[in-house]
Amino acid sequence: SRFEYVKLFESHDRLLPGCWAVIRLDGRCFTSFAKKHSFRKPNDERALNLSNAAAKQVLKTFDNHLVLAYGQSDEYSFVLKRESNLFSRRESKILSTVVSMFTSVYVLMWSKFMDVELQEPPTFDGRIVLYPLTCHLRDYLSWRQADTHVNNLFNTAFWALVDQDGKSLKEAEKLLKGTNSKEKNELLFSQFGINYNNEPQMFRKGSLIIRRPGNEGYEFPKRRRVDQPSNEDHKGTTYLVDMQKDLAPSDDDYHVLHTDIIKDDFWKQHHYLLWPPDDSPPRIRKT
Amino acid sequence: SRFEYVKLFESHDRLLPGCWAVIRLDGRCFTSFAKKHSFRKPNDERALNLSNAAAKQVLKTFDNHLVLAYGQSDEYSFVLKRESNLFSRRESKILSTVVSMFTSVYVLMWSKFMDVELQEPPTFDGRIVLYPLTCHLRDYLSWRQADTHVNNLFNTAFWALVDQDGKSLKEAEKLLKGTNSKEKNELLFSQFGINYNNEPQMFRKGSLIIRRPGNEGYEFPKRRRVDQPSNEDHKGTTYLVDMQKDLAPSDDDYHVLHTDIIKDDFWKQHHYLLWPPDDSPPRIRKT
Amino acid sequence: SRFEYVKLFESHDRLLPGCWAVIRLDGRCFTSFAKKHSFRKPNDERALNLSNAAAKQVLKTFDNHLVLAYGQSDEYSFVLKRESNLFSRRESKILSTVVSMFTSVYVLMWSKFMDVELQEPPTFDGRIVLYPLTCHLRDYLSWRQADTHVNNLFNTAFWALVDQDGKSLKEAEKLLKGTNSKEKNELLFSQFGINYNNEPQMFRKGSLIIRRPGNEGYEFPKRRRVDQPSNEDHKGTTYLVDMQKDLAPSDDDYHVLHTDIIKDDFWKQHHYLLWPPDDSPPRIRKT
Amino acid sequence: SRFEYVKLFESHDRLLPGCWAVIRLDGRCFTSFAKKHSFRKPNDERALNLSNAAAKQVLKTFDNHLVLAYGQSDEYSFVLKRESNLFSRRESKILSTVVSMFTSVYVLMWSKFMDVELQEPPTFDGRIVLYPLTCHLRDYLSWRQADTHVNNLFNTAFWALVDQDGKSLKEAEKLLKGTNSKEKNELLFSQFGINYNNEPQMFRKGSLIIRRPGNEGYEFPKRRRVDQPSNEDHKGTTYLVDMQKDLAPSDDDYHVLHTDIIKDDFWKQHHYLLWPPDDSPPRIRKT
C-alpha cells in the first residue's frame, strides 16, 4: 500500500560482530513486588528457583546461541556467543524476545514455585552490553558475583539483627553502616552463631546455568572430538565445540551451579565454555 | 569493586527528542501458537480481547507517556508522545519494559479469556520506530489498519471456502490467488451470503485504545482548560492537554474502539490526541 | 580474499529519514589559529569571506541536497533537505565529505583572501544533528544567529576598550562582566561614538548562503511552476521546487545574505526554502 | 537563550571502549582527480609521498592515540589504540578532525610534491570501523595490503600493455581478464622483462607509518622499561609502552616502511605496537 514507506524508518541495529553480548534483565520495582508477595528475607529460595526455571527456558530456546546464564536477586544475565548470528544480531529483536520469554515463563510457572497468588504483572527491564574481549566478559561476571556477595552478606546481617535481635530497620541500618566484610562476618558469628560460609551456596554465589551432559557416566570426549586445526598453539588439543548441536536440549541438559566464577578454577575446568580464545576467535560470517 | 569498569561498556541509546516513537510488539511464531491453542479462525475474539487487556495495562502504567495503542492479529503498537521523557527516552529500557509488561499480563490473564490451558510461554518481539512528523505517524497507523483489512478479508474468504465449502487449504489458496478486494467481497456475498461489511468491526478495523473520560455525562472542556499561549494560530482555542495527569487511570478510563483511523474524521473528532500540531511542537526538555 | 570478512564490521549509520539534518563545522583551536595568522579583531572580514567561499563550494557540489548554509566566526552549518538521499543518508560519508571539502577549499583559497602565509593546517571538526520539525530547524538557526549577536556585541565593546581606550585584557573583561546588551550598546555609543547598529551586517548577522536566480530581471514564477496537489490548504498556491535542478549551479547562483533569520519576515519572503511545510512533508523514498 | 534546547538533539556517539578503531579515508573520485592532475601511471610516487606527509601530520598530532597508519592508492587507514580516550571516543569528532587534518595538509603541501597546479579541491570521505580483537585488526591490515598487491600487479601489467605494447585500454583489459597472479607475473617478465618483485616496494606493499626512535645508535630498552605486573604470563618480560609519551614527536620520529604486514614476522619484531595482548587488555577508564 501507499503507506508502506513507513517501514523505511526502522533502523538497522546490528550488534558489532565478534563481541560477546550480555543480555541483562532486572525486575522492575522488585523491592515493592517482593514485599507484596511476601518473599522470604533476605532470600526467597522459591523465587530464585522460579527465576532459574525462566532462565533455563531461554537457554533451551536459544541453545546454540547462548553460552551461559547467571542470576541473582531479581536479575539475570545471558551471554550471547561471539559468533552467534541470532536474528542477524539485531539488538531489539534479541533483547525483546529474551525479555519476553523470561517474563512469560516467570508468570506461567509462578504457582509451581510460589504459594501466594500473583497480585500484579511482574515486569523486567533489559539491556544488551557488548564486551570485546573474554576478560571483559569474565570481569562482567565477576562484577555480578561480587555484587551478590556484598549484598547478601549485608542482608544476612541486617535481617538477623531485625528478626532475631528485635532491632528496628533503622537501628539495623545504623549498626551495619561503615562495617567491612570481616566485621559483618564476626557480628554474624558472635551474636547469632551464624557461620556465613555455611549459608546456602545459592544465596552467596548466585546461580550459573550451563549446558552439560547428563551424569549417567557420560564422558565428554567420547561424544564428539573437535580438533581446532587453524591455530598452531592449539594443535593436538581436543576441544568440545557445539557438541550440543547434535542433541535437542532437555531440562536435564542444564545444570544450575552455585560456584565461584571470579577465580580462574571454574573456567579452567570448563575451558570449552568461553572457547575459542581471543587470539583464535570464532569465524565471522555474513549477517 | 575493581570490576565496576564493565558498566562503561553500556551505550547511551536515547531516542531522538521531538519524534513520535512507536513501540510495536508481534507474537513470535503465532501461526503455530494459535494452532496449538485452537484459536478460532480466522479471528479469535477471546484472544484479541486478551491482547487488548494486556495493552490496557501498558497504557495505564505509562499513562502520561503513551497517547494510544493499536492492535490486530498477534501485534500491538504503542505510541509514545513526542514530549515524553519516559526513562529519559532510553530505547532499551522503554522497549524491554513495555514488551515485558505486555507479555506478563498476557500470561496472567490467559485463563480469564481462553478455555484451553497454556501449552508454552507466549513470546513477543518488539522494536521502536521513530516518526518525525504527525503525518508519518498517521501513515504508520494507516499502514497497520490497511494490513488488518487486507488480511482479514483474505482470511474470511479463505476459511469460508475451507470450512463452509469443504475446499482443501491448497484449493482455497489457489482460488483466492490474484483476486482483488472487490472480487473477494463478491465471492463472500454470492457464495456464502456473507456481507463483509457486517463482519465484526473488531476483525475488520482492529482495536484502538485511547484514554477518555467516563460516560457519566462527563464533558470534556469542563475538567481542565488549557489555552495554548505561545502560538498565534491557536489562540482562543481551548485544548485539553494532559488532563489525564490529574487522575489515576482506571480500566474504565480506556476505551477500545474499532473504527476507521485512515480517514481524517476520527482525528478531527479527537484532535487533542495528536495535539499539538507539527508547527507548534511540544517543548523539549533536558533528558 | 580470506580477509574480506573485516568489511562486515562496518556499521549502517543511516540518518533517520524525514528529518532535517544540520552539518555543523567548527574550527579547531581557532583562538590560537587566529592569533598566529593575525586575524583582525574582533572580526576579520577576509577570513569570513574565505569561509563563505569554502561554504559556497560545498553548496555547489551538493546543490540539490543542501538548502542553505549559515556561517559565523570559525563555524559553518549546512542544512540537508529532509528528502535528500545523499549517499543514502549515510552519516559518516556525508559528514566526512562535507568537512573534507570545506577544509580543502579553505586551504586552497587561503592566499586569495589572506595576506599572511599559512603556518599550520587549519582543521575543522564536524557533527550532524537531526531536527524532526521545521520549527526545530528554525530554532537551530536562531540559536546560531543569537550567538553571533551576543559574541559580536561583546567582542566589539571588548576590543574598543582595549584598542581605543588602552585597557588591558583583564580590565576590559572586568568592565564588561555582568553587563547586558543595552549597557554594552550604551558604552559603545557614549565612550566611543560607535552606533552598534551601524557595524557591518556580516559581523552582526553572520552569513546566510542560499541559491537564488540571477539578478538580470529574472522573475521567480516564470521558470517553473509547481502546484502541490495533495494538500488542501496549499491548493492554488504556486511553489517553486527544485527549480535549481534544471541548472548547473555557478558561483553567481549563490547569494550571501547578512540578514535577520530569527524573525519570520525572511522566511515568509523565502517561503520556498523550507517548503514543503511539516503537514505536507516531502516523499520518503527507499534508500 | 530560549533556543539552546536545540543542542539536546545532538547524539552521544561514543565508540565502544576496548576495541581497536580504524579510521579509513579514501579519495573522492580520484580516478578523475588523478587524470586531471596527470598522476603517473600506475603509481605516482610523488602523490603517494604527499599522502604519507599528510598521514604523518595526523600521527604527530594524535601521537599517543594512534598506533600506526597504513596507506595505498588514494586511501589511508589510521589505527586508534584500544585504550585511547581521544575526544572521549566521540565518533564524529574523531572522524571529522582526522579527515579535515589530512585534507588540510594534502592541499597545503601539494606544491611541495606535485608540479601541476591544483585544479579542484581534493576531497576524502572517511569512516570508523571497530575491531574487537587484535587478530581482527591484523586481518584488516592484511585486507588492505592484499588489495594493494592485487591492484598493483594488475595495474603494472595493464599499463605495460598500454604504454609499452601499444595496446588500447580495451585490449589490455581483455588480455588480463581472468588471469591469475602467476600469469600476470609471467606476462610481465616474458613480454616486458619486468621482474615484478623488483618493482618499488612502496607500490607493492603500500606505506606503513610507525613511531620509532631514531637510528643514531638508539637502543630501545634503555629508554624506559615497563614490566607488566598484573599478568602472570608476561612477568619477567620487558615491554616498551607509551615510551613516546615522554618525547614531543618530530617528523624524524616517524618511519615510513614498505614491508609485509600480512605475515607474523613484522609483528613479532614490533611486538610492542599491538601490545598489550588480548588476554591482558589495556585498562578502560571513565570517558
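For reference, chains read A, B, C and D in written order, and residue numbers begin at 1 within each chain.
As a convention for this text, a residue touches a chain if its C-beta (ideal position, glycine included) is under 8 Å from a C-beta of that chain, and two chains touch if they have at least 3 such contacts.
Fair warning: this is a prediction, and the values are worked out from it, not measured in the lab.
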| item | value |
| --- | --- |
| Pair of chains joined by more contacts [C-beta pairs], A-D or B-D | A-D |
| From chain C, the most remote chain by mean C-alpha position | A |
| Cα-centroid distance, chain C relative to chain D, in whole angstrom | 33 |
| Centroid spacing, where centroids are CA-atom means, of chain A and chain D in whole angstrom | 42 |
| Centre distance in Å when chain B and chain D are each reduced to the mean of their C-alpha atoms | 52 |
| Overlap residues in chain A, where contacts from two or more other chains coincide | 5, 9, 11, 16, 18, 130-131, 136 |
| Of all residues in chain D, those that touch chain B in their complex | 5, 8-9, 11-12, 14, 16-18, 283-287 |
| Partner chain A, residues of chain B touching it in the complex | 1, 3-7, 9-11, 25, 28, 57, 91-93, 95-97, 99-108, 118, 121-131, 136, 139-140, 142-143, 146-147, 150 |
| Touching residues on chain B, where the partner in the complex is chain C | 16, 18-19, 130-136, 277-281 |
